Amino acid sequence: MIEQSLRDALRAFVAERDWAQFHTPENLSKSISIEAAELLECFQWNTDAKSERVQAELADVLTYCLLLADRLGVDPEQIVREKLEQTRTKYPVDKARGRSNKYDEF
Amino acid sequence: MIEQSLRDALRAFVAERDWAQFHTPENLSKSISIEAAELLECFQWNTDAKSERVQAELADVLTYCLLLADRLGVDPEQIVREKLEQTRTKYPVDKARGRSNKYDEF
Amino acid sequence: MIEQSLRDALRAFVAERDWAQFHTPENLSKSISIEAAELLECFQWNTDAKSERVQAELADVLTYCLLLADRLGVDPEQIVREKLEQTRTKYPVDKARGRSNKYDEF
Amino acid sequence: MIEQSLRDALRAFVAERDWAQFHTPENLSKSISIEAAELLECFQWNTDAKSERVQAELADVLTYCLLLADRLGVDPEQIVREKLEQTRTKYPVDKARGRSNKYDEF
């Protein structure tokens, strides 16, 4: 479960600025895509990138993910755990082992 | 801090399938963008979407975020907390309150 | 067919800067996603946006699309026309008329 | 200038299905991001991909770009040409030659 202190800090940050009005699930989803592209930009022309830059962009994606989870009323670690169970079934070890075509051609 | 049991479950999932070889920071960043777009697809033509679908797509984005954080050797909750401190300074309450133009025109 | 003068101008632009080496299909595809997100950013918190800003971001997406088409050796207008034929069959008028769920639930 | 026959074919396709109501600039921009991610998916775990798959996904991105250009009342080739002029000034040949850090660190 996400630490309560972090969830509370995020909620306070939004409330103090009266930003909940902008944080619809749709707008947060757009924001996740936008920040994900900034993360991708670290690798636009290269396969490596400065670690602190990647870390900062990843933090932005994660922040919007946590805000959306809170908006949906779900615990982020819990939904990851549940999805992991499903994926485990979908890609059994004996078939998936060492294959990169796991997602589209399985 | 992310729960150790979840981090361990993700690591085991990847290790059992021998997938670490595909999980470079670049490939994980591409994957985050790809999954973020599937989340956005829930809202392609509407502002509302079925909650369980949104939740499932959010879980996929989060999973790749946690895998990238682990790959970078950083704690996801910690980097969100650090970024929040910076954003707090960048958008002080008195200037940001109730304004949607916060990010691009501040 | 895309105007030859534009295709030539794009080729000259790339050649003069010796940038073809960076313009692999993968890098151009990443670039299209990155620029698409900048276009989306015009609508992050609103449904309307300044037309000239949208136009400038759209131009960036299109530029990388044309560069990728040229790299693949295909004419951009031709592949749009071909895809349109397929989509026409996939979404026949009598079933698709006025329905927004066209893409995911048909 | 985009061929009139193609522009007319796209317009007829939309009109016959009564889809103009869904094609707001915002929704088309979301659609461009979504299709761009499907293009990126061709390269999720590899640097190469089947050419016909890449071509089909590129066609989808382009289609939404042309629909957005038409909605904005601009000619797609014209805005690319204008942007190219600006980029030419921003990245002069003598400084940009053979450098991959062109976009973010110039």
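In this document, chain identifiers A, B, C and D correspond to the written order of the chains, with residue numbering beginning at 1 in each.
FYI, a residue touches a chain if its C-beta (ideal position, glycine included) is under 8 Å from a C-beta of that chain, and two chains touch if they have at least 3 such contacts.
Note that the structure is a prediction, hence the values are computed from the model and not measured.
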Rounded to a multiple of 5 degrees, the Cα superposition angle from chain C to chain D is 180
Counting C-beta pairs in contact for A-D and for A-B, the higher total belongs to A-B
Between chain A and chain B, the Cα-mean centres are separated in Å by 2
Distance in whole angstrom between the CA centres of chain A and chain D is 26
Check: chain A positions touching at least 2 other chains come out as 22, 30, 33, 36-37, 40-41, 43-45, 100, 102
The chain B residues in contact with chain A across the complex are 1-3, 6, 9-10, 13, 16-19, 21-22, 24-26, 29-30, 32-33, 36-37, 39-40, 42-43, 47-49, 51, 54-56, 58-63, 65-66, 68-69, 72, 74, 76-77, 79-84, 87-88, 91, 93, 96-98, 100, 102
The answer for chain A against chain C in the complex is residues 22, 27, 30-31, 33-34, 36-38, 40-41, 43-45
The answer for chain C against chain B in the complex is residues 30, 33, 41, 44-46, 100-104
